[in-house]
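Note that subunit A is present in both complexes that follow, paired respectively with subunit B and with subunit C.
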Partner chain A sequence: MIIEISHFLSVLATGLFFLAGSFSLFTKNTLYISNLISRTYSHGFLLLLTSFSIYIWLAISDNFSVQYIASHSNTELPTFYKISSIWSAHEGSMFLWIVFLSLWGFFFNISVKNDQILKSKSIGVISVILVGFLLFLLVTSNPFITILPIAPLNGADINPVLQDPALAIHPPTLYLGYVGFVIPFACAISFLLIGDSNIKWELLVRKWSIAAWAFLTIGITLGSWWAYYELGWGGYWFWDPVENIALMPWLAATAFIHSLSVSIKSSHLRIWTILLSISVFSLSLFGAFIVRSGIIDSVHSFANDPDRGLYLLGFISIIVFTSIYLFIFRLPTIKESKRIKKFSKESFISINNIFFGTLIFSVMLGVTYPLIYEFLFDQKISVGAPFYNAIFIPIVVLASFFLFFSVDSKWSRKINFKFFKTPIFLSLFFSIITVIYISDRFNSNNLAILISIFAGTIIIFRYIYELLDSLLNKKYINPFSVIAHMALGLLLVSISFNSLLSTERAINIKINEYEEYKGLNIYFDDIRVLKNSNNDSIKATFFIEDAKGKQFNLSPEKRRYFTRGQITTETAIHIMPLKDIYMTIGDQLDDGSWIVNIQINYLIRFIWFSAALMAFAGIMLIFSNRRA
Partner chain B sequence: MNPIRKRRIYSILLVLLFSVSGISLILYSLNSNLDYFFTPTELKDKNIPIDKRIKVGGMVLNGSVKRASSKISFIVTDYENSITVEYEGIVPDLFKEGSGVVVLGFLDNQIVYAEEVLAKHDENYMPPNLDIKNDN
Partner chain C sequence: MKILLKLIVFIVPTSFIFMFFMLLTNDKSYPGADYTSFKLPSFKLENLENLDTISNDVLEGDFILNVWASWCITCIIEHPYLMSLTKNGIPVVGLNYKDDRDDAIIWLDKYGNPYNLILHDYKGTFALDLGVTGAPETFLINDGKVVAHYQGEVNEIIWQDVFLPVIKEMEMF
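Up next is the complex of A and B:
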């Protein structure tokens, strides 16, 4: 009964969103109607939230008459994972995705007090999108389907690699990021629908966009961190299709929030900003389509279902093509300032926007090219890291140079290069010294890596100068911009160092034997078979002493879970400030020795730290009093 | 032609030139960095340069897995033709004889020297191109 109530509330919410959407799009906008739309939407949201809360309760209370819960949860699971099992597969995660979409709309609805016309239209647009996705959920992937009359006694359990705190919070954070871009999208569409070029929609969506961007950044970072310690491959980024489809909206969103501030400050790039807001949300939707249609082979993809893929493709195409049609139709009416002054802040942001566009285009090509190629030439291909490195390294380095020169640029004014000779000269000087030192110290002449380090250090040194300058001369600096861009510099340096220094080797070793690797003295102490509550495991113990005489233990493990018979690798990681010692255990050979893989990963924590720092800068901006 | 129009044509041409050369550069680097996927049969009559990275997919032949220190060698088969693979390192948890595998590496003298060995996180996984042949 309670399941049907939850189900029914979702259906009812769909109805209310349909009403809100129709009111907004097909009636003359009066104050009365605006209020009606706002209230209808809020009620729709509350119904949907109640429905989802009941669903969470169903999962916590092990209600296995719900088919979805029966196949993804288990009585043995801690409550935390019972809840996270909801988003461990397609139906539940889609449900969460939709609830989050409506949540953003709800906050927008209750917190925007001015701009009533723009607000009602935007709520209408959000409602229409919600109806489309709710119908998708209820028709093609209903999470409320029951097993009647007799429910199974226990559930089939969550996939063990997903029983992990980082992975339990990774999808929700990522989804909050993806669907958060519905706010700038809906506002841009409403702006086009209304057709009044004087409406300042850009200012309204600034903080919303940055919030969504921060969530997306954290979501991607959590995914990268999880993959590192859980999958046992080491590494933080694999250019897997699902990573790429998260990267595209992130790149577009980063370009968007920059272009947005140009539009706010000087009314330049207004058209481009609208196009970007459409692109960011479309790319988020495209991501949902790729993951959920199973069209591309990936570690992440949900089960292949052509119906779902077709519905999503249809609905997403309608959204995208309507937006683009509307955009082209209204293009002549949008007023923006023409002629960007050379060497102004706008000009630098415009150039870097072109770079962002190129990166997005390249990733899109990398993701879709295998499909196109197979269709045309009947030959399976894949696009891997070499392609992305060939594109990303030069473009990111170039963009960093433009960023470096733009640090002290002004809105709508030419940068005064003479005055800024000192900081530019000093940062270039220190960076060159750093790179020469690194090249000498680590005996490297890998040009791509050295240039990337250089690109990172010029940004860092340049901003250090800015910070000192502002402290000493009480000059105003934008703290959010300083933190976010220094984080980018740190990210470049950490990624470069990581690929310059990290090494790995597989060794085979017997119990009570010593092995030497890169100054590490490895002693295989013991291996034993353990019986855990839901798995059998073999756990090895290694004593390791590094070159400085520091000692520690590593215990890599291999588990076999009872419920699914799945084997997982539990990595053992020793974290030091600048590097990780990372160990996984493989199979036993006939002579009794074991294969062990050992990696030394440099600065890998700094990669996630810099990404987190970027997101932090964004969050700080949201809670600051700055208007834009 | 009036100067404004002339300038506009020049700027359009410049933008076109930049986009065309940019896109050609991207496509060029895409084409030179593709990993082609082959089954052992498709690999048989193809001449692949040693420095070209390829993917080979098939089933691990029963009884073909040999280990020597940290090296492993096995035969990948599509039940018509087979090819030997050598790899140094730990194979994935789901790697086993008689199940599907995809390796990424370089072909030299009828041996694939693998950089990566992938076994899908799915018991029912079949490498692409193979699902039909395995039915009989």
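Up next is the complex of A and C:
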């Protein structure tokens, strides 16, 4: 009964969003109409939010007459996972996705005044997108379907790998990032709809875009962390198709917020900025399409249904082609300053746009090439790390050099390039020393890694100089830019060190035996079978002593869940400041020994830390008083 | 220059969308699937668990015949899906293929038994008659006749695309 109320409220919200969209796009937006649109939208949002809250309450109270809840939740689950079970499969996660989309629109709606010229049209664009996705939800993937008259008593279970705090918050954060770009997209579209080139739409969307970018950054980082310790993948990035699909909007968004700042400061690159804002949102939608149409096999795919894919493809095509049509139609009227001075900040950011464009295109190629190949030759192939490494390493290194030299650049002013200016000279000097030391200390002549370390260190040293300069000589710096770019330097250095130093080995070991690996003395103490509430598990205990005589235990586990029969590995990780000792247990061999995989992962926490630092810089900027 | 820009922003998405449309509407054909219908060859094998002799007349009605072995890695991956089939009331008969009885029983103890009945084909003769090339392979049997055959791991997608259409058409189970 209650579920019908929730269902009805969603349908009602769809109707209100439809009204808001039609008012906005098909009437002349007088102030009266603008107020009406704003209120209609807010009411639509409140209805949708109520509907979703009821749905959460139904999940918490184990209402298994709802088919979706019955097949993804369980009475035994803690409340936290009962809630997160909502986004553990297609229908519920789509519902959450839509609620977040409307949430961004709602915040935009209440924080921008009704007389702002772009507002009504933007709210209209958001409403139209909401209507499209709500219809998709209600028609092809309805989460409100009930099992009547007899509801099951216990419910099936949430997928065990999803019973994890990081994963419970990974999808919501990522979704907040993806759909957040609806704000710049909607504003760009309404800018094109109105067609008045004097409107400064860029300024309006600045903070919204950075907020969405920060969420996307955190969401991707959480996903990477989860894959490391819960999926037992043992690394931070695998070029899995769905990781790439999240990376593309991130790259586009990063290029977008840089390009945006240029457009705000000096009206350069406006066409780039519009194109990028359309790309970011289109790529986010593309991600939703890829994951939900089942066109690619990945850990993330939901159960597939071709109708869903076709609906999404159709709707996304409408959005993309309308945007492109508008863009082409208005292209002649967009006024932007044409000449960019050499070696000005604008020139560096326009080069950055080209670098990022190349990266996005390469990832797109990597993701779609197997699809094209399958389509043409009916065979499945996969594109893996070597392809991406070959493209990313040179471009990222090159981009870092440009970033390094751009620190000195000024807005709209040509700077004289003296290569032996103190800061440049000092940072190059220290970086070369560092790289030589590293090469010597770790006995490495892997050029790709050394150059990447060099690229990271010049950025870090350059910005350290900048920080000192600002502390000692009160020179003005942009703290957010400094933090974010230093985080980038740190990211490059930690990724390089990780691939330089990390090692792994599978060992066969029997109970009460010793094994030696990289100065670690491993003693297999015990293995036992445990009966947990919803799984059987094999838990091993190892005593480990490192070269310095420090002792610790590691207990990797293998679980078999009752309800789905799924087998999962629980990794055991010993965290040290600079490295992780990472252990998973495999199968038992005929002679009674066990296969144990042991990895030493260097600086892997620094990778996530630097990604988090970038997001933190973005969040600080939002809460600061700086206008742009 | 602007013409070029216009062309690029139009052509790139169009080609991607066209390709996705073709991929989505493309009828999936699976190289491992075979719909040749033939009568189940006659056999006399031991029940893996209690050594009773089993021949054609014991196996009646509709069922799934799954070829597996304890040495087969893919069978471990396939295993949870077979469990879910059994749980949903679909009779699954196992054909333990070229496998040691003790190994097979240890395997079943370790992972769980999804089979209603297991035939032990140590020499692989019955499998040869069926046209089995390796493990895992899965046959759909309708009243003593093989109506569908799949070489490789059966999962939700294969079940939906390869077996379910036949099951619906013949109104089985």
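A few notes on this one:
Definition applied: the second predicted complex is superposed on the first by the 620 of 628 C-alpha atoms of A that agree within 3 Å, B and C clash if a C-alpha of one lies under 4 Å from a C-alpha of the other, contacts with A are read in each partner's own complex, and residues count from 1 in each chain.
Please note the rule applied: a contact is a pair of C-beta atoms (placed from the backbone, for glycine too) under 8 Å apart; a residue touches a chain by one contact, two chains touch by 3 or more.
Please read these numbers as outputs of a predicted model, since none were measured by experiment.
By the touch criterion stated above, A:I567 is placed in contact with subunit B and with subunit C alike.
Legend: residue contacts after superposition of the two complexes on their common chain; A:G309 is shown touching subunit C, with no touch to subunit B. In the superposition on chain A, contact of A:K558 is made with subunit B only, not with subunit C. Once the two complexes are laid over each other on the shared chain, residue contacts for A:G384 go to subunit B alone; subunit C is not touched.
When both complexes are overlaid on chain A, the residue A:S362 reaches subunit B alone and has no touch with subunit C.
Contacts of A:N508 after superposition on the shared chain: subunit B is touched, whereas subunit C is not. The contact surfaces that subunit B and subunit C form on subunit A in the two complexes overlap at residues 567. Chain contact summary for the complex, subunit B toward subunit A: residues 22-23, 26-27, 29-30, 33-37, 53, 55, 67, 69-70, 88-91, 93-94, 104, 121, 128-129. Of all residues in subunit C, those touching subunit A in their complex are 2, 5-6, 9-10, 13, 16-17, 19-26, 29, 79-80, 83-84, 111-112, 156-157.
Remark: subunit A residues 161, 232, 297, 299, 358, 361-362, 365-366, 369, 373, 379-384, 386-387, 390-391, 504-508, 558, 567-569, 584-587, 589-590, 593, 595-597 touch subunit B in the complex. Residue ranges of subunit A in contact with subunit C, taken from their complex: 271, 275, 282, 289, 293-295, 303-304, 306, 309-310, 313, 316-317, 320-321, 324, 327-328, 331-332, 368, 371-372, 374-375, 378, 560, 564-567.
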